[in-house]
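Down below are the structures I want you to see.
Look at the two complexes coming up: chain A is in both, with chain B in one and chain C in the other.
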Partner chain A sequence: MTSNKVYIKSVAHISAQQPLSDEWLSSPVVLQGDFVQACEPVYKDYISPMAARRMTPILKRAIVTAKAVLNDTDVDAIITGTGLGSAACSEKLINAMIEEGEAFSMPTQFMQSTHNTIGSLVAIDRKCHAYNATYSQDGISAECALLDAFVQIRLGKINNALVGIHDELPKSWLEVMKRSKIIGNLMQVPASETSISMLLDNNLVGSKCEIAGIEVAFNTSFDKMLSSFMSHYGLPQVDALMMGKNGWEDNDKVYDELLDKLSCVPALHYKHISGESCAASAFGVYASALCLEHGIVPATLQCDNINCDVPVKNILLANASGNNKSLILLRSCD
Partner chain B sequence: MSEKIVITGSGIVSAIGNNRQQCLENLKNGFSGISEVRYLPTVHHEFPVGEVKLSNSQMCDLLGIGHSQVYSRTTLMGIMAVKEALAQAGASDTQNYMTLISGTTVGGMDVSEQLFSQGMSQDDCSNCIATHTCGASTNAIAAYFGDTFNSTITPSTACSSALNAIILGSDLIKAGLAQMVVAGGSESLTLFHLNGFKSLMILDTEPCKPFDEHRKGLNLGEGAAFVVLESETHAISRNAHILANISGYGNACDAFHQTASSPNGEGAFLAMSKALSEAHITTQDIDYINAHGTGTPNNDQSESAAIHRLFDDKVPPVSSTKSFTGHTTSASGSIETVISLLAMQEQFLPVNLGWSTPMKDGGIIPITESRKASLSNVMCNSFGFGGNDSSLILSKYTK
Partner chain C sequence: MDNLQDILKQQIIDALNLEEIEISDIENDAPLFGEGLGLDSIDALELIVLLERNYGIKIKDPAVGKEIFKSVNVLADYVSKNRTK
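On to the complex of A and B.
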């Protein structure tokens, strides 16, 4: 079957780095402490204060990053990835239930508590009746959302898609992660919040890079995933390996088999820049897309000494989140 | 033209039964599973619910699961339904190449609300991380089956999640990125969403009356259902018995309001239209519609408007089986797909319980008397918060 190709046309982020900017490439904000909140833009430049008042931070971030990548573009699909969804709203409901028992009534918080509140609000904001889906698969939620868009563009069902990946970290969940020692002890990068919107398109013109393949897995080694990847997309040329390492030994050791296999190519990382969150892997996609667009890999992304001077045209992204793993191959458009 | 996507197995757990056979008998006999709350530790006994008639520990015993590990009710019900679906498909011993796509929204919230209320010790925190998220609840279902599944994906679009799981599964197979997919959804009742729906004032204190003039709201339910999907070629190559094929599906966004549906049912209309066009059939070919039909004033008005817009004055038999199961939220799309599949296999029309008075503004008149019927194409609607509207068409399989 001949398939359409899938390109990343534009990306915008609100994260631990300077919002809606690629400034981090040359001068990244150094993240310190256990938890770094997202660095917010001046919202009134993008949304009316009236509308903004009714939105939680994650909703504002989704609306603003969507506006930044789309401008006036109409899309055939709005697809969202989020690990925790509208966690701040859910937290308010749970706290009310603990304090007041089942007497509380919080309709607005409940209405905004479902994971697909984010994608729905973007659709309402843009008056977009197109396909709308949300995926929540912990740290590979981004990959699941990208996979849906990728599949539909390849099948020719849609021409383009807005893919938004958004996660916030409310107090109670931060506390749970701290008490379990994952944050503040095991993980060596800070926890953070990430919102990234991307426009995927079947048209090469003006694109940053091509998405050449996506593979998601459960209870499967990277080795086995590579064979499966090859059976779906052919033998990949890989010039650099972008890993989702976060400094937690149990999490990071699973990348060893990939490092062994790809020992000749530079190894890259990004979670020291984005921080770790369920949406962090989307930052890896964004960072890799920039590398391919500009044809350079900034030193801040490199975690070994292998020469990056040879043109990097194919980046294999690997990410692990508990029992889930993902591989994405991004290819330069040149 | 791309290959047919076929169903070779199905499994269901709901208020009207712990398996296909029980659900089928109760559907045929008109026995609703909606009753006073018994398993959810809520004070709100004024709202009837469609609970699965098993405690968590009874489910663990049925599944041979020890009591040391913490499982959410969503996961336990999911395991039961997946197990039944795999068995029917003759795929219980499949290793390493199936994808599990399970829609949910509350995920392991039943465990979390209990752990948060008891103060969250360090152990509680680990248990919470292992069960709380939507993804974790799907992974726990997959983990029960050892090496059967090599990938897991969790759609979370509120009440349309499970139907969207079937849609994604079909697309993955069409794109050649999955060979066999077990798709559906699971959702347990929780204090979180019972009280949430109560806040929205759309729960009925009596058994729900979908499409009735005097309908007052929905009854929440719970359950899980899954179908085994594969390409026709794949099913034939392994000599599987094909139950039906999925001939079309569509999803659209109402883009009107976070929780209310538009008066003209735009999203629902678009979803049903897309499903018909993908199936290459017309409205006249649809023999039965299993409606979303929650029993809220807003949904049933909006869905009626959408069906009338599309089908004009030639509306096929319609019923909402939520009058049997309650609104099983994120699981409803797959629960009603399996109910539609059973109706097609047994060639009967499931009735709409609780209906007596037609809506004044010309709403749908649902079927209230069960009867035999020749069903070749069945449409199943599933709508969610955020105006997330999906529609699926099941067709009688012919080679």
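On to the complex of A and C.
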């Protein structure tokens, strides 16, 4: 049953939690330390060693999560969101050039040192020659990629899209964040790595939830965004508010105005589960989609252990990353 | 590992990230590209860099590259005759 509505059909993740699994819903891995690496699956179960030999971790994660959500499905678009892209590869290339005085090139690292590498490689692996775009907008790269797919499906230009949101942490970036005390001092959750692939489709059958609206904005307040969101998508019923809080006061206080406006609905969070990264908000989308699919909000996602006794049918996701903000409304398919 | 063939095999394995392959898996006379190891054009670039970095050999003529990468034996012979370090 196709429509101009947009549904999340399937999701797969490789993150700080058990890879390619929803096990974290009942028994989440407790994140400790300043930085938690992604928990990797056994890649040779999914990619031949010869094919994987030139792939950096972020590329393997993108390929494997894409395979997990698509199986044999052909897609009309491959859209990627990544804040730092293949920065770890660029770092390796630049370090080698510094150490060896620019005497030798590193062909593989050179070729893979772009943000577009991820989406391109997924397209090559899928033999997909359709629309392919990459969004790199810091911590709202996920929302920008989802917005592209959302608009194109709503307009009827495409029927489905693979949306991949991938970020890893290069050593130099981690060092800078530690020196600036953002990691290990200001933020109360560890930095981490997240790769999530989602299949968005206009067919309701077998879907986890509907994406009912997306709004991204720069340099504005959540208060103003909510008004704009309502004018675009009507007055949404909201049963729960999923926030991208990470425990850093400067980051978290921007959610206060939303909490005031939506004080009667349960507040949810996820970054203590996913860790913080440019792709972390995608984990919020994934977690919310699971809540709507199963009709329950696990205790681990609830702020202050306030019970969500009422059935949750609509979850509003709010995410702030510097001056970038986003709102996404997810709706149950029931 | 005491001969140039084995040293080259290990360097090829390391440079090309051939994690599943061991020195004993590579035949001295087996083709490196196509059927044998199944290497491709990007691997060829990596091997050219390997020769320059480890042996001071600069491959400027593509025809030479095509010839010397035929097998480990051919490569070892070329390296022993042309190395500058």
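Here, the second predicted complex is superposed on the first by the 321 of 334 C-alpha atoms of A that agree within 3 Å, B and C clash if a C-alpha of one lies under 4 Å from a C-alpha of the other, contacts with A are read in each partner's own complex, and residues count from 1 in each chain.
In this text, a contact is a pair of C-beta atoms (placed from the backbone, for glycine too) under 8 Å apart; a residue touches a chain by one contact, two chains touch by 3 or more.
The shown structure was predicted, so the numbers you read here are calculated from the model rather than taken from an experiment.
In the superposition on chain A, A:45 makes contact with neither chain B nor chain C. Once the two complexes are overlaid on the shared chain, A:334 sits clear of chain B and of chain C alike. Within the superposed three-chain model, A:135 lies in touch with chain B and out of touch with chain C [touch as defined at top]. Of the two partner chains placed by the overlay, only chain C lies in contact with A:54; chain B stays clear of it.
Contacts of A:102 after superposition: chain B is touched, whereas chain C is not reached.
In the superposition on chain A, A:72 contacts neither chain B nor chain C. Annotation for chain A, partner touching more residues between chain B and chain C: B. When the shared chain is aligned, chain B and chain C each come close enough to touch A:111. Residues 104-107, 111 of chain A touch chain B in one complex and chain C in the other. For chain A in complex with chain B, the residues that touch the partner chain are 1, 3, 78, 82-85, 90, 93-94, 97-98, 101-102, 104-107, 110-117, 119-121, 123-124, 126-138, 140-141, 144, 147-148, 151-152, 154-155, 157, 172, 175-177, 179-182, 216-220, 224, 228, 232, 322-324. Contact residues of chain B toward chain A in the complex are 2, 42-44, 96, 100, 105, 107, 109, 112-113, 116-117, 120-122, 125-126, 128-129, 133-136, 138-139, 142-143, 147, 149-158, 164, 168, 171-172, 174-177, 191-193, 195-201, 251-259, 266-267, 270, 384-388. Chain C makes touch with chain A in their complex at residues 16-20, 38, 42, 45-46, 49, 52-53. Remark: chain A residues 44, 49-50, 53-54, 100, 104-108, 111 touch chain C in the complex.
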